[in-house]
Amino acid sequence: MKLQHCAWPDIEAYLKRSTAIIIPIGSTEQHGPTGFLGTDALCPEVLAEGIGERCGALIAPTLSIGMAQHHLGFPGSITLRPTTLIAVVQDVVNSLARHGFDRFFFLNGHGGNIASVTAAFSEVYAESSLGTASGNRPPLRCRLHNWWDVPGVKRLSSEVFGADEGSHATCSEVSLTYHAFPEAGQRLAAAGDALTPGRAPNGPIRDADDYRRRFPDGRIGSDPRKASAEAGARLYETAVTELSEVWKRFAAED
Amino acid sequence: MKLQHCAWPDIEAYLKRSTAIIIPIGSTEQHGPTGFLGTDALCPEVLAEGIGERCGALIAPTLSIGMAQHHLGFPGSITLRPTTLIAVVQDVVNSLARHGFDRFFFLNGHGGNIASVTAAFSEVYAESSLGTASGNRPPLRCRLHNWWDVPGVKRLSSEVFGADEGSHATCSEVSLTYHAFPEAGQRLAAAGDALTPGRAPNGPIRDADDYRRRFPDGRIGSDPRKASAEAGARLYETAVTELSEVWKRFAAED
Amino acid sequence: MKLQHCAWPDIEAYLKRSTAIIIPIGSTEQHGPTGFLGTDALCPEVLAEGIGERCGALIAPTLSIGMAQHHLGFPGSITLRPTTLIAVVQDVVNSLARHGFDRFFFLNGHGGNIASVTAAFSEVYAESSLGTASGNRPPLRCRLHNWWDVPGVKRLSSEVFGADEGSHATCSEVSLTYHAFPEAGQRLAAAGDALTPGRAPNGPIRDADDYRRRFPDGRIGSDPRKASAEAGARLYETAVTELSEVWKRFAAED
Amino acid sequence: MKLQHCAWPDIEAYLKRSTAIIIPIGSTEQHGPTGFLGTDALCPEVLAEGIGERCGALIAPTLSIGMAQHHLGFPGSITLRPTTLIAVVQDVVNSLARHGFDRFFFLNGHGGNIASVTAAFSEVYAESSLGTASGNRPPLRCRLHNWWDVPGVKRLSSEVFGADEGSHATCSEVSLTYHAFPEAGQRLAAAGDALTPGRAPNGPIRDADDYRRRFPDGRIGSDPRKASAEAGARLYETAVTELSEVWKRFAAED
Amino acid sequence: MKLQHCAWPDIEAYLKRSTAIIIPIGSTEQHGPTGFLGTDALCPEVLAEGIGERCGALIAPTLSIGMAQHHLGFPGSITLRPTTLIAVVQDVVNSLARHGFDRFFFLNGHGGNIASVTAAFSEVYAESSLGTASGNRPPLRCRLHNWWDVPGVKRLSSEVFGADEGSHATCSEVSLTYHAFPEAGQRLAAAGDALTPGRAPNGPIRDADDYRRRFPDGRIGSDPRKASAEAGARLYETAVTELSEVWKRFAAED
Amino acid sequence: MKLQHCAWPDIEAYLKRSTAIIIPIGSTEQHGPTGFLGTDALCPEVLAEGIGERCGALIAPTLSIGMAQHHLGFPGSITLRPTTLIAVVQDVVNSLARHGFDRFFFLNGHGGNIASVTAAFSEVYAESSLGTASGNRPPLRCRLHNWWDVPGVKRLSSEVFGADEGSHATCSEVSLTYHAFPEAGQRLAAAGDALTPGRAPNGPIRDADDYRRRFPDGRIGSDPRKASAEAGARLYETAVTELSEVWKRFAAED
């Protein structure tokens, strides 16, 4: 149930049965020569849709631009500064809280968002703790969940890709996008494979110039030439199944 | 050419032929009982895609949440505060400017964004004027264009809907979404028509409580029961054709 | 009735009969070689005084510095960043709201302020809509009105100056200041006429360097050598008369 | 030489002989039942004009609204939050610095501004010290000078008013405004004297409610019934003479 | 080598041999009835001193107040909002970077700081990536290291405390403070033991009211009655030894 | 009674007898070749401890980093921007206010903090005055007191050091640190004396480059070779005695 495809009376009705909502959050940033710039937004978006269908969960619009300052050395990458992202999350949560939502499940597709979004939750909670939140705001529950942080997905990644999985432009996330967008995926794979010379190096993440120097084609630790739409289909199925359980527990927890 | 579906070498190649980009910007807010909460983001998104196909323009991810504080009286509406939206636009422009983009065409679907986005442009320009922009930043050109601000669209709206067009939850925008998402549109029309008692009143826009009092079902001045996927198809065709011309002039202007 | 020339018991008394106030807002920026740097603040200031005399309206101190980043290529121009101007408007409105004012009529003299001030109104309204406004704050009504946006003024400008009116350093605004400050006006006209070679070009507004390149003496589209104190006197009379009506409706509206 | 009454070529010429400027800064806040709400802005404004005439100094528009949160218990008082005032001062200084001004003489009329404006200077200097100022910005000199902080003025106040001078709504500042605006001054004196029961109490300054409780008619320590236009004339003469010397030293210092 | 106990020529000399610095960062917040409110600042402070002695590392002043909004239900707890903490870290890093420091080792004592400090690093890096950092700033390396995140400490905690360790007001951190401040520790243990009824519950962390409800005496999952100065002495020794190695690698890494 | 060395039940008990707290605030900045970089934080810290012992006052953790932008030309100096320091003070006060504290005694060791901390108090008070403070917040009393601003200390400084006292890296503050940290003090005196050629010059304070040019070794007006631990001991005794009285009056005042 995509919020964007509802009218307001639909939301009014939904709120009678649930005050929980899924907010896909990602990033727009390079994912190596064979990966979509939109990988980190597209993955939680398609998974959220899957969860929405199975569980009747309401899905907010995807926050497609995240904290990706380290990727700015590669054309097409876009970042919000952490403080901007904090303000965005604050506003989204406070808007929805006015309607009665009090459980916010941010389905995340980008490691670089974790710190800023978690800080944003504290900023939101601090409004309650310091007494400056709206007088009508109920106690809130904010949860960040990375889509890959469920056991079945980790198992599958490990089985299928082993050490080629890596940590940026991973085989798993690239596969998931190839499954979701097969045509575009084929084009990217065909064009980028030659620019992807084996498994990428590992290393720390700092600013954009440093990143480009360490990881000249953008990947970290991965060999996404191993990615495939087929693996993506399996990952999708597993992820939707397991994340649906996580979601249901979150939406129902005491 | 959707940026999210490109890899970074695609953008590197694109920048050799153009430094202009389209950024669809909308809002997530009630559009009456028969309109999509996503109307204002979906319209520029689908039109941008159309322009992209015809002109080879690069399309950034849609900024789906805008300045919609006045709609917060209706469930599902989400707002960024103007200062948050300004920060978002600043970060998006500065990120892309690092790569060499210098022409930013914000295709807008929401009247409530105009002031904040225009102010954001001035905030960005002021970085140059006050000397605090990145030393490498080229002179920038930022343009906000409302998708309905082309003569053919205005003519068509007027012909087909006359005084029922209104100014919020307009027949035109509702039609365009019905064309783009026919199934969801039919559901909304069926469910919401009964809650849409004739043409809505007009009036000023202030805060959310005042808005809900003046416009009890959310519409301003419109009777979107007149909206149709057929009208939407015509609007789509006209808008893509005319906006493509606007875009081409902007991308090529001296 | 100038607020600065009242003592606090005067305002206490005023509030018993009206909760509306006029706030002149302008800018300090070049207006070509013959125009006052203060044009955009002086015009609404003198008109507000006129309205105040006729209608007993209370006039707040003029906000003389506005959003004028694009004029910074010309000595003497001063800007607030949009976010600074938003904070100023917020503070002024919230201060006055504490006393019971709830109708804020910003009489504006500068096109460049429109976006930022309108965004500021939304920022103020959003405090109500998101529930963070002071618990005692009444519902507010904020209005921005450009002094030239009344039919009689537009008619007169068009009759007297035709195509020489232009859009920056317009004949009308220059005339109005010549009327209000005849001595200084004569000096400016005498000194600047030679530097004003005919009607100025038109074009878009971006950052300060771009502006100076396009409009080398600062004017846009105007030939203010046509300006005169006589025309200014007629404009003054018409503007005060018509704006008084606008003000009275605003102060009394339901 | 009022900047608002100059055209940009005048400032270009001025900058060839001086890079110093006077910026009157005040406040809009209650000054007891007999004092102008504008006292703190009007005093530095009229004195700056006097200095400007004697010394050829350039006078920026008055910043009429300052930091006056403690006066908000009295109708008509307006405050900027300290952080807003800091942003305003930053923008004004940086705008003028772009033109080549590097000596900023803030002629202050309000004790409550001192901390925030001094903090603003540090914020501006910190841009240099932390390396984020515009690359073209010259080293800056910012000075805050209270108009009453010259020996002759202090002597005169003490001679004429003795212990009745007080520290808010002082006899001196009220006298100065009575001299500058005799008609309005007479009205205020006539209306307010009866509400001014002898010398006001002294005490600390905290928030607005506390202030109103301690100082029920707004004054601190003063008996402004002793104020007079005659004393104001003497104060004006002395202040302009002495401040002109201060200004000349500042403008010329090494 | 405590920076506070050096004069500036000492730092000038230090910078010739190292551009790395340790910045202890903690929090001031309840640690149950037997734990110091200063636990999270005192632990990294005493450990940093130990590392400093062994390795000649320079130790910045401890940032004693961190992000602790969730503890505000218990008297004595103090928080910075995440955005404030980000600004503090930014300023500290940029100040030191001006002197030539480019390796910042934040020795952390508080889990609640991790997100905000990590976000702060990205905010700092983003200044480079977006081109707004000082032109003289070298590439920076920022590292957050929790003092307990070394294998020997984890092993020792597990051996000595097993399941009583918990996750807030842990036996380890309480022991470390008892070792460092034996007298005060004895007092706290004596006074608080009776208020510490067995092992505390576990649960999620949200706002302060929710926290107090879930964890009525402040602890999470721990039974700090098992804490002892003796265990603290062993933890101290192990932590200093292992963290010294981590520091040396960081200071020397390529 | 150091807050960091208390557990939360201690503070709960303290609040039953007092709602006042001492917050030492200083700076980390060069104090000439013989002065501690920590001078301005260490002085109020040790004095606060002394007051705490005599009066049972509760002492918050020292805010060791203040506003010191002008010292950034000397290695080791660290600054917060004024706006950052304002946010820090706001958060500290609001955190403690939640627990019931309403009297905040900032014992200050650094002249450069005065403006920013005073502005911070106004920012905090403005939350009450503008109605945005937490609904539960009591009326607050914030006081900044420089440790040297008591008559006995001024008398002693004058007697012992005369014109050598100066205004930065003063003999008094250096002596006080030599008393408190005799070993480190001896080292500094020994190492730095040769770099301290007589009494330092006086002059204005602007940005860091200007400061370093005017005051090449960091001192202003002082000859701290006259400083001694013995003088420090006398200053300590006098300061603690007199400040204890100031504190007691503040904590008890009506």
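Order as written gives the chain letters A, B, C, D, E and F; numbering starts at 1 within each chain.
Criterion: a contact is a pair of C-beta atoms (placed from the backbone, for glycine too) under 8 Å apart; a residue touches a chain by one contact, two chains touch by 3 or more.
If you want to know which protein each chain is, UniProt gives these names: A, B, C, D, E, F = Creatininase family protein.
Values in this document were obtained by computation on a predicted structure and should not be read as measured data.
Colleague: Please give the intersection of the contact partners of chain A with those of chain B.
Modeller: Of all the chains present, those in contact with both chain A and chain B are C, E.
Colleague: State the chain with the largest centre-to-centre distance from chain E, centres being mean CA positions.
Modeller: Taking each chain's C-alpha mean as its centre, the farthest from chain E is C.
Colleague: By mean C-alpha position, what chain is farthest away from chain D?
Modeller: When every chain centre is compared against chain D, the largest gap points to A.
Colleague: What angle of turn lays chain A on top of chain E when you fit their CA atoms, given in steps of 5 degrees?
Modeller: Between chain A and chain E, the superposition angle is 180 degrees.
Colleague: Over half shared or under half: which fits the residue numbers at the contact of copies chain A and chain F, same or different?
Modeller: Different-residue interface.
Colleague: Please tell me the distance, in whole Å, between the geometric centres of chain D and chain E computed from their C-alpha atoms.
Modeller: Each chain reduced to its C-alpha mean, chain D and chain E end up 47 Å apart.
Colleague: Please work out the Cα centroid separation of chain E and chain F, and write it as a whole number of Å.
Modeller: 24
Colleague: Roughly how far is chain D from chain F, going centre to centre by Cα mean, in whole Å?
Modeller: Roughly 30 Å separates the two chain centres.
Colleague: What positions in chain F touch 2 or more of the other chains?
Modeller: 72, 79, 81, 83, 91, 95, 98, 129-130, 132, 135, 208
Colleague: Line, ring, star, complete or other: which describes how these chains touch one another?
Modeller: other
Colleague: By the document's touch rule, what are all the touching chain pairs in this structure?
Modeller: All touching pairs, sorted by chain label, are A-B, A-C, A-E, A-F, B-C, B-D, B-E, C-D, C-F, D-E, D-F, E-F.
Colleague: For a test of understanding, state which residues of chain E touch chain B in their complex under the given definition.
Modeller: Those residues of chain E that touch chain B are 129-132, 135.
Colleague: For chain E, which residues are in contact with chain D within the complex?
Modeller: For chain E paired with chain D, touching residues are 91, 94-95, 98, 132-137.
Colleague: Which bits of chain A are touching chain B when the two form their complex?
Modeller: Listed in rising order, the residues are 2-12, 15, 28, 30-38, 41-42, 60-65, 72, 74-81, 83-84, 87-88, 90-92, 95-96, 98-100, 181, 184, 188, 191-192, 195, 208, 218.
Colleague: Spell out the part of chain D that touches chain F in their complex, as residue ranges.
Modeller: Chain D reaches chain F through residues 67, 69-70, 72-73, 79, 81-83, 86, 112, 114-116, 118-120, 122-123, 125-126, 128-130, 139-142, 204, 206-210.
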